[in-house]
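Read the structure below first, then the notes.
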Amino acid sequence: MAPETQQSLKYPNIRVQEEDFDLSTEVAKLREGHTDVGAVVSFVGTVRDINEGDDVAVLELEHYPGMTEKALENIRQEAHQRWELESSVIIHRIGKMYPTDQIVLVAVSSRHRENAFYAAHFIMDYLKTNAPFWKKETFPNGEERWVDARLSDQEAEKRWK
Amino acid sequence: MAPETQQSLKYPNIRVQEEDFDLSTEVAKLREGHTDVGAVVSFVGTVRDINEGDDVAVLELEHYPGMTEKALENIRQEAHQRWELESSVIIHRIGKMYPTDQIVLVAVSSRHRENAFYAAHFIMDYLKTNAPFWKKETFPNGEERWVDARLSDQEAEKRWK
Amino acid sequence: MVNVLYFASFREMLGKASEQLPASHTTVESLIAELAERGENWKQALLDNQNLQIAVNHDVANRQTEIKAGDEVAFFPPVTGG
Amino acid sequence: MVNVLYFASFREMLGKASEQLPASHTTVESLIAELAERGENWKQALLDNQNLQIAVNHDVANRQTEIKAGDEVAFFPPVTGG
């Protein structure tokens, strides 16, 4: 069995993939079999064409296979322990991406909106500081730069302690 | 010109309609021309098959044409004043709906995720208490009941004062 | 004339969705006082109702809001959309 | 043996993505001490780096975490996904 298949069997609500995703399709899957859902909150992170004031031509996402899926599943489980949720999914892309491309999807369904809003926000804040992904930017002149971790992301995570 | 066309020209980011909507399509439209977006938060409200412990067969949404659009646009503008946002859209369906149907969409794009999360949550909380929509439930035995306003929705709105 | 609208449970309880009334009232309060004389259901829905919601010309209003000829006044229960 | 992995800027700075080392260290700290002797870039990346991130067997770890034969130890800079 290919490693990625093993991972997807072990963590059916976590996907790390090169392919793009479709928001409507993923939200429909998330809601399947949950007829008591009243609220679905989704977050889509996208590639900005400017970072720290510089034009970005290409963004490359590297990750730590195996640890990534485990870290994302831990974050997801933590959200389910903190709030009453029906279902949730995390999809994170890897490889080369371009401005306006989708990078990450976090979608959460629950009976009431407040839980869904908090849980999706929490998952994103935790993902930003705890999931082993690294971004490298390539500028129009071909120069490359590893993206620096943001202090604001660490602050954002602390809010949930 | 039909009244609904006048309203949609006046408030291009507000739609009150009987038709269903597609999340991916709406988010794509929202992001059009905003290449500096890094975050898109969407909320979809759906018809639950149970409310206050009773099975719901049909949900009917009535509204106050003219005031609805104005109220929704006020809520949207307020969100843009409070947070730095790129774009936002509110779609609310009216007429008959059934369990698992989509009722409402609020989608917000911004450079950074925190603004998008707060703004979408704020818009939903304000919409719940300030936009003139009324829900009537029909139960499997044919009985009808107007849905009561929730005290928790009033509390949720107060948080943002 | 003033255009008066009733929504949702009010429309059903009062038996009408809208009506044109002479613009003989200076405030929403005086309009309500006159409507309440029509019967117990009108009194209950408008005069005695602590949760009554009012809009004048599509803006949230209250009992003290002034009204004039050509205005649209709407009465409705607390909203439950979303 | 211990499997040691380097990611992102560390992989580029240290010139390798992974290596097998004898399991002769009891903690991450002692492994780092040995690696730091390889040269200035190793010392900077691992020993002197306040922002060094460590994982042992896919779990977040620190310098005091114990390691044994068969473990996978990873070194990387602060994460920047999402």
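Just so it is clear, A, B, C and D label the chains in written order, and each chain counts residues from 1 on its own.
Following the convention adopted for this analysis, a residue touches a chain if its C-beta (ideal position, glycine included) is under 8 Å from a C-beta of that chain, and two chains touch if they have at least 3 such contacts.
Bear in mind that the values here come from a model prediction, so they are computed numbers and not experimental data.
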Fewest touch steps from chain A to chain C?
2
If you average the Cα atoms of chain B and of chain C to get two centres, how far apart are those centres in Å?
25
Per the C-alpha means, the centres of chain B and chain D lie apart by a whole-Å value of 49
Each of the following residues of chain B touches two or more other chains, namely 45, 124
All pairs of touching chains, each written as two labels joined by a dash
A-B, A-D, B-C
Partner chain A, residues of chain B touching it in the complex:
22-25, 27, 31, 35-50, 99-100, 111, 113-114, 116-117, 120-121, 124, 156
Considering only the defined contacts, which chain B positions touch chain C in the complex?
45, 61-64, 66-67, 70-71, 92, 103-104, 124, 127-136, 146-150
The chain D residues in contact with chain A across the complex are 5, 7-9, 51, 53, 55, 58-60, 74, 76-82
